[in-house]
Amino acid sequence: MTSRWETSRTEAFSDGVFAIAITLLVLDLTVPSKELNHLAHGILHQWPAYLGYLTSFVTIGGLWLAHHGIFRRLQFVDSRVMRINLLLLLVVSFLPFPTRLMAESIRDFDAERTAVIFYGLALTVVSFTVSALWAAVIRDRALLKPEVDEREVKAVTLASAPNVGLHLAATALAIPAPRAAAFVYLGIAVVAVFRARPDTTSEAADGGNDASMLRP
Amino acid sequence: MTSRWETSRTEAFSDGVFAIAITLLVLDLTVPSKELNHLAHGILHQWPAYLGYLTSFVTIGGLWLAHHGIFRRLQFVDSRVMRINLLLLLVVSFLPFPTRLMAESIRDFDAERTAVIFYGLALTVVSFTVSALWAAVIRDRALLKPEVDEREVKAVTLASAPNVGLHLAATALAIPAPRAAAFVYLGIAVVAVFRARPDTTSEAADGGNDASMLRP
Amino acid sequence: MTSRWETSRTEAFSDGVFAIAITLLVLDLTVPSKELNHLAHGILHQWPAYLGYLTSFVTIGGLWLAHHGIFRRLQFVDSRVMRINLLLLLVVSFLPFPTRLMAESIRDFDAERTAVIFYGLALTVVSFTVSALWAAVIRDRALLKPEVDEREVKAVTLASAPNVGLHLAATALAIPAPRAAAFVYLGIAVVAVFRARPDTTSEAADGGNDASMLRP
Amino acid sequence: MTSRWETSRTEAFSDGVFAIAITLLVLDLTVPSKELNHLAHGILHQWPAYLGYLTSFVTIGGLWLAHHGIFRRLQFVDSRVMRINLLLLLVVSFLPFPTRLMAESIRDFDAERTAVIFYGLALTVVSFTVSALWAAVIRDRALLKPEVDEREVKAVTLASAPNVGLHLAATALAIPAPRAAAFVYLGIAVVAVFRARPDTTSEAADGGNDASMLRP
């Protein structure tokens, strides 16, 4: 009972890292100055950069939703959860690097395959870390809010599990078909955002300071 | 009733993205090192960069006010609103890219027209997404705070609608007169900030934890 | 009475902009790769960059303290205050640009004077905007928390006024003696941080949710 | 009793600076475009950059945990604490600069030693500032929350003290063996994260708005 932190500052710090990582992605969108003469062509020619931008933006957006979904159910974090959360922030804030590599390499046939595989491995590590975060949370049920029942724990477990497998499969696809894999990454990210489920417990008791407001 | 999130973490994450996007703009202000010898001239010579900086800063500031105005009236977000909000953050965090292109191109006659049209199209998409966000909100009135009445819904709808049309018109103006259009974008952004209306409901019941403070 | 916003989201957004502007400054610290061979010398040789970094960091830190001091006394913001606050964020987030110019120019005699004057003018505009923010606040006393009395209003007015004059004087000094002026800017910023006064009202009634905690 | 600030905005501003400093580190991860032809080799060849990235990320993560641990026990900050906190943010936001230098220099024998010593000195200053922050806090026990007792003050003092010595020792090691020292920095950072202790007071009275939630 003595090894706990409250969640609010951890959420604030994590929100900051997610928001910065998602916004820094734009720094890698540029049109080389020699293409300024044919700007319309130059803008279109950057499509791999937009693909990387969009994929990483949607992926980080989906991770933020998953993070929100996990912390929404917590009343405390212990040391283990805090450390895995730091690990998750590490891999999220790393993601702009493989994004940039993939954007730079996608028209260079030698580099393309390596870059897309590298990006896929980064996504796999990210997915795995999200699953590990949830696994650490449910190891000690006392960290959860009292109104989170067994049925809901199972639902979140099911929702967070499959992404690791999907990302591994897409990374394997990058070996024969790197460009197809790059689009599959985007597809997985979009599906993850659409699958994100809001709080099924919002009618139940809530830790906010005006719980009555939650029942219209 | 089961598909809802509270608004506070979404506001915090959105504030982060708006604040970072608005502050990253300064990274594109530079004086080329060859102009350091005539620095006063070099600083003045950068006026297209300042115009882009100012326009995007005021535009994002106005978007933040509009976002604040919408979320101020919400007690929940559902999945649809959450997704459109992520889309809005995507286009807001994209804005530094067309800003940079416009600043780099405005003295290059070939590129100028394309860059100003591209910037205008980005603004149009941003405006449209704000309108879509509000439209998603009012589709399910249960998301609104109880004290938000029909009259106020109509007022916000009227206030958020016209920007799409204005931005489309300014983009069309960029075809014959790109520089004029660049200044019109700034004008629209300034007007949007001045038109932003504070909460007309601040005297009414409020979700804060000390509602009595709201009545002096 | 109808034209008001609450302060919390404005504070969160402003904190974001201040925190990002203050942290982005580090991106302009670099040692040119040709100096890596004599790195110890290369690091020391960058002293103008450190001076600029330190001055802008302390200046923005002091501005954040002043902003905190103003908003701490507010219960609402109206449209005028909101617009001047956006203007303040504009000039704060602009500050990394003159910082970079000053750091790049300080050993180039032609550019040095211009860069230091430009930086001083930016500081003057920032100081003026802080004063304008406070002036807008006290135009409508209903924006202030009830416990803020006339004596305290005068104290804050006195504390925020003189910086404009000091910055103008230091900018004038930059005409004959740019390097001396650069050090004076740092001195003014350090004094501003040391002069920042905490809330004299902390014992009085407070808008927080546990006012009793404020009296030990 | 009159010279105090509440802690919440200081925490928010500090969280912003920590989150940005930790996320900006990724901007220094790049593969030179001439290595794109052998990308797999190019990615592996960047190992000093990853080492610097990881060390600084874990160091800043541990600093954030330490900062959280200190502010968690405060109910007020006075002027002295506020100024030392600004100093801590200054050195934290400076850390990406020696990180970049170390990453760029680690394969250049002339520069390697200097860069690793410079990085170690920066870490030493950071550790010292954390200790100074805690020392300033316990000078005036009225700043602490009432439930923080003498035993706990001693425990935090013991936990925050040794890092200064460790960092000095590792910096001294960098004179004969710079690469070994670089790995020792990482080791110290990892240990600091694992040693971070959650709040032992979480069962006791708490300043939150729903203290009953803290007792399961």
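Think of it as A, B, C and D in the order they're written, each chain with its own count starting at 1.
Just so we're on the same page, a residue touches a chain if its C-beta (ideal position, glycine included) is under 8 Å from a C-beta of that chain, and two chains touch if they have at least 3 such contacts.
Values in this document were obtained by computation on a predicted structure and should not be read as measured data.
Two copies of one sequence, chain B and chain C, touch each other mainly through non-matching residues, since under half of the numbers at the interface are common to both. The two copies, chain A and chain D, are related by a rotation of 90°, based on C-alpha atoms and rounded to the nearest 5.
Note on chain placement: the centre of chain C and the centre of chain D lie 25 Å apart, centres being C-alpha means. Per-chain CA centroids place chain B at a distance of 35 Å from chain D.
Looking at chain A, one finds that residues 12, 16, 19-20, 24, 27, 209 touch two or more other chains. Interface residues of chain C, counted against chain B in their complex, comprise 1-6, 9, 12-13, 16-17, 19-21, 24, 27, 75-79, 82-83, 86, 89-90, 93-94, 96-97, 100-101, 104-105, 108, 110-111, 114-115, 118, 142, 146, 207, 209. Considering their complex, residues 11-12, 15-16, 18-20, 22-27, 29-31, 33, 36-40, 43, 53-54, 57-58, 61, 64-65, 68, 72, 193-194, 196-200, 202-203, 206, 208-210, 213-214, 216 of chain D touch chain A.
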